[in-house]
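Chains here go by letter, A, B and C, matching the order in which they are written, and residues are numbered from 1 within each.
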Amino acid sequence: MKPIFVKGLVGLVVLLPLIGLLPSTSAFNPRLLDTLTTTITMIVAATFLNHLIGYGAGKAIAFKTGRTTRLMELLISLPLFLPVLLLSFGLYLTWIRLGLADQFLGVLLVLLLPTLPYTIRIYTNGFQTLGEQMMEQMVLIEPNRFKRFFFLTGPMMRSSLQSVTLLVTVIALSQYALVTLIGGGVVRMIALEAFPLYSGNSLAAAKEATLWLIALPFLIYFVQLILFFIWVQLVRRLLDGRYDPARK
Amino acid sequence: MMKPMIGLAAMGMLLAGCASPAAPVQEKVLGSSYTSIEKEANATTVRMYMWGGDEGINAYIDEYVTPKLKKEHQITLERVPIETADLIQKLRAEKKAGKKTGVIDVVWINGDNFRNAKKDGLLYGEITKVLPNMKYVDPQAQGSDSGTATDELEAAWGKVQYTFHYDQGSVANPPKDLQALKSWVKQNPGKFTYPEVTDFTGNAFVRHVMYGVESKETLKNPKADFKKTWAYLNELKPYLWKEGKTYPKTLAQLDQLYAKGTVSFTMGFNERRAEQEVKSGTFPKETRPLILDDGSIASTHFLSIPFNAPNPNGALVTINTLLSAEAQLKKFDATYWGDGTSLDLATLGSDAQMAFENVPAADSTPKPTEFKGKVRAELDPELFDVIRKEWPERVAR
Amino acid sequence: MWRGNAWPATLLIAGMVGYGLFVSLSMTTWTDYRQLLSDSVFLESVGLSLYVAVSSTGLSVMIGALLAAFFAKQTGWTAQLLAIPLFIPHLGAAYLSLLYLSDLPVIGPHEGNHFSIILTYLYKEIPFVFFYLLPVYRRLDHRYEELGLMLGLSHLRRFWHGKGVFLLFPVLEAAFIVFAFTLFAYEVPALLGVTYPKMIGVYAFDLYTQGDLSSQPTAFAISVVLTGMLFVLLLLFTRLIRPLTDRISKGRSE
């Protein structure tokens, strides 16, 4: 097969289905405002927690050896392979007792189950690609871990960071059953709006919610790109040859 | 490195500790006058949980009721689209776990869901006693919910008749009864189906078959073997849409099939429900009603308040508002929903009566005379469960 | 310290998984399991789920791996197009299926063959497998295969020693992830599946949320049985295959 043919086919198959999503009206259902606020807040919080917890875990799995680390790796990857939704039936009863059911925090914690294992996997791969020697070098150059992250590791791990945000966004947006069960309809994510309409009497009415469902990951990714651009610019300006041994 | 964990745990404790303010005491709420309830309800938030698959019903709540409550009582109404059966399970879990303050203020409920909720003590109490607008509600509709006494636990919101709708363009001679329907289906394979029985309407279709083919004695006994019913449905099966290998999951999906002309019939509780759909161009122009000689089940749907409602005052005011003549009229006419009113029109003032009578009936709505001698009472809710359990094994598979 | 810390993540995940499992276990009795394993509705549901999961996984891994092999040698931005489905939540993909496939025969939604569900998964999982394997393909060292050529190995053995050993684990891993996901998912089959039999995620969720309380233990039992089975599979996978590939690849690269 000719490369151009394969490429064309891939492009067609990927892009064609998106045509039907082109909006036909510009109406905005005021109901969606609340839902969008909750959804975006949830995604931002889930992404933040994923980065916070996953970064260190990915690094440990990439750089540490030994039985404990291997066991931890296995435990962390469990939700990838087990029925998370079914397990959450059990969690739900406990969440009620803890006062976490129908709460933002309760949903946030449960959303870590389907997202965090992916995050850690991405970080592990990222750190492995970066390499242990490179890490050692960076530790020598900048012992303060926050400064190190800001000036060195962060920008170098850029693609891993971006992938994590994307995956967390996409997975969190898709969870209807989990969010409905744990959030009890109080934590109104966009899936709660879209899903009943999909099995409802008007697919057209479902289009507006779907547009947001599909547009949000792109929007969030775009915002992230801008943030990274600013970050890198900032690092360049601040750095100003700070770590250049020739200057000393 | 344990810091994030500790922080997280602390956050959890914090939220667990001060989850939400306790709901007002039930006796106190139901013991007070409506005026003071209204005062308490002012500027609060009410969460109303209701099935969200019908665009017209959603629009009635979002575009009419929500602004009305805001204007009259500064109440913020949040419509939450979750199915009632799921809610009952949620309330059961909450009851079991001892959750005193829940999240649901108003539920839309009837039939077996109400029976289950009543049996398990999941409802707030005798709410209709305090609602001023109850005096307009038809006592017959209010009396019993599919054979279960309402005991003032719920308030009748709408009253409807099960009605088939067909496209006159493709069905020249509509069948008069179930036997004729069977012949029609056999002659027109693929043009008829009904929703699966987990769906409210699909379950009711099977109950209509029961009314048509089973004897009176069998109908009274939920433990009986309804073999005539299953036999009838199995006779239909190979001639249904997709040869009966699958059924529409919901009434909404059946409506979509009907709207596209894939099937020639749709059905549902509410004799007026096609009006809005025809007007908006979703349903075929020549949609006509059909009441089978075997009978049409009359059904009432209700509003209630769960045992652990966080804002019972707001819920009571919301329900009272929904029972007002004005709100019922808007629900009755074809703008959004076209749902039968639960009010006894004779109790209303002459202006309001006129307004109801002046709502025009479209060609898709049956004339009142067409129901003569065909109105049937709802069957024992236990049969809902029997159908849900037996149908998958004896018909669907 | 700079080597990171996996404790918070481990405690959080293992805690929630373990606790969920513990509650599920405590809600069930032996009879529930005995009933479950002789329940033909459940078994049919498992059969259907296996059919959908195996076909989706097999096809997406095959096509994803072929595409990765192809694009590993290509330059340009076309490969980036494949990232677009990664931006689309599964729920959105299910909507696209409803939108486009509804009027089509055979591949339409609510058909017994479940092609619409498989197609939806392919749209989402082929890119996933692709991006999972692309870096692996790019890292492949062609000198191994050249070495094999010089040693006069057969085509098959050359492929195995030059590529196979390095690809085996990542491919199986990607396959495992896709398999488990498609086996248990709720949203897509709930929207596109048929009345009977239902896929296992939908069946269990319906059992849990609908009807009377009597069917809840069954839902919990399903949760325990499936968790147990997949866990055993996972252990076998990590115990048997990982050491094997580790040994082979380390023996070769050092």
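Throughout what follows, contacts are C-beta pairs under 8 Å (C-beta built on N, C-alpha and C of every residue); 3 or more make two chains touch, one makes a residue touch a chain.
Labels paired with UniProt names: B = ABC transporter substrate-binding protein.
Only a predicted model underlies this, so the values are computations on that prediction, with no experimental measurement involved.
Asks: Per the definition at the top, count C-beta pairs in contact and tell me whether B-C or A-C has more.
Replies: A-C is joined by more C-beta pairs in contact.
Asks: Which chain's mean C-alpha position is the greatest distance from chain A's?
Replies: Between chain A and every other chain, the largest centroid distance is to B.
Asks: Report the inter-centroid distance (CA atoms only) between chain B and chain C in whole Å.
Replies: The separation of the two C-alpha centroids amounts to 39 Å.
Asks: If you average the Cα atoms of chain A and of chain C to get two centres, how far apart are those centres in Å?
Replies: 19
Asks: Got the chain A residues that touch at least 2 other chains?
Replies: 53, 56, 93, 109, 199, 203
Asks: Mind pulling the chain B residues that touch 2 or more other chains?
Replies: Answer for chain B, listing residues that touch two or more other chains: 1, 4, 86, 249, 253, 256.
Asks: Which chain C residues sit where two or more other chains touch them?
Replies: 1, 5, 7-8, 12, 208-209
Asks: Using the touch definition from the top, list the residues of chain C that touch chain B in their complex.
Replies: Touching chain B: residues 1, 5, 7-8, 11-12, 41, 44, 102-103, 110-112, 194-197, 206, 208-213 of chain C.
Asks: Touching chain C in the complex: which residues of chain A?
Replies: The touching residues are 3, 6-7, 10-11, 13-15, 17-18, 20-21, 53-64, 69, 72-76, 78-91, 93-94, 109-110, 112-113, 116-117, 120, 125, 127, 129, 135, 139, 145, 148, 166-167, 170-171, 173-177, 181, 191, 194-195, 198-199, 203, 206, 210, 213-214, 217-218, 221.
Asks: Within the complex, which stretch of chain B touches chain C?
Replies: Interface residues on chain B, with respect to chain C: 1-2, 4-5, 8, 85-86, 89, 92, 116, 196, 198, 242, 245-249, 253, 256, 260, 385, 388, 392-393, 396-397.
Asks: Which residues of chain B touch chain A once you look at their complex with the stated criterion?
Replies: So the residues of chain B touching chain A come out as 1, 4, 11-12, 15-17, 19, 47, 49, 51-55, 58, 62, 78-82, 86, 90, 93-94, 96-99, 102-104, 249-253, 255-256, 277, 282.
Asks: Within their complex, state which residues of chain A touch chain B.
Replies: Residues of chain A touching chain B: 29, 31, 34, 52-53, 56, 92-93, 96-103, 105, 109, 180, 184-186, 188, 192-193, 196-197, 199-203, 205.
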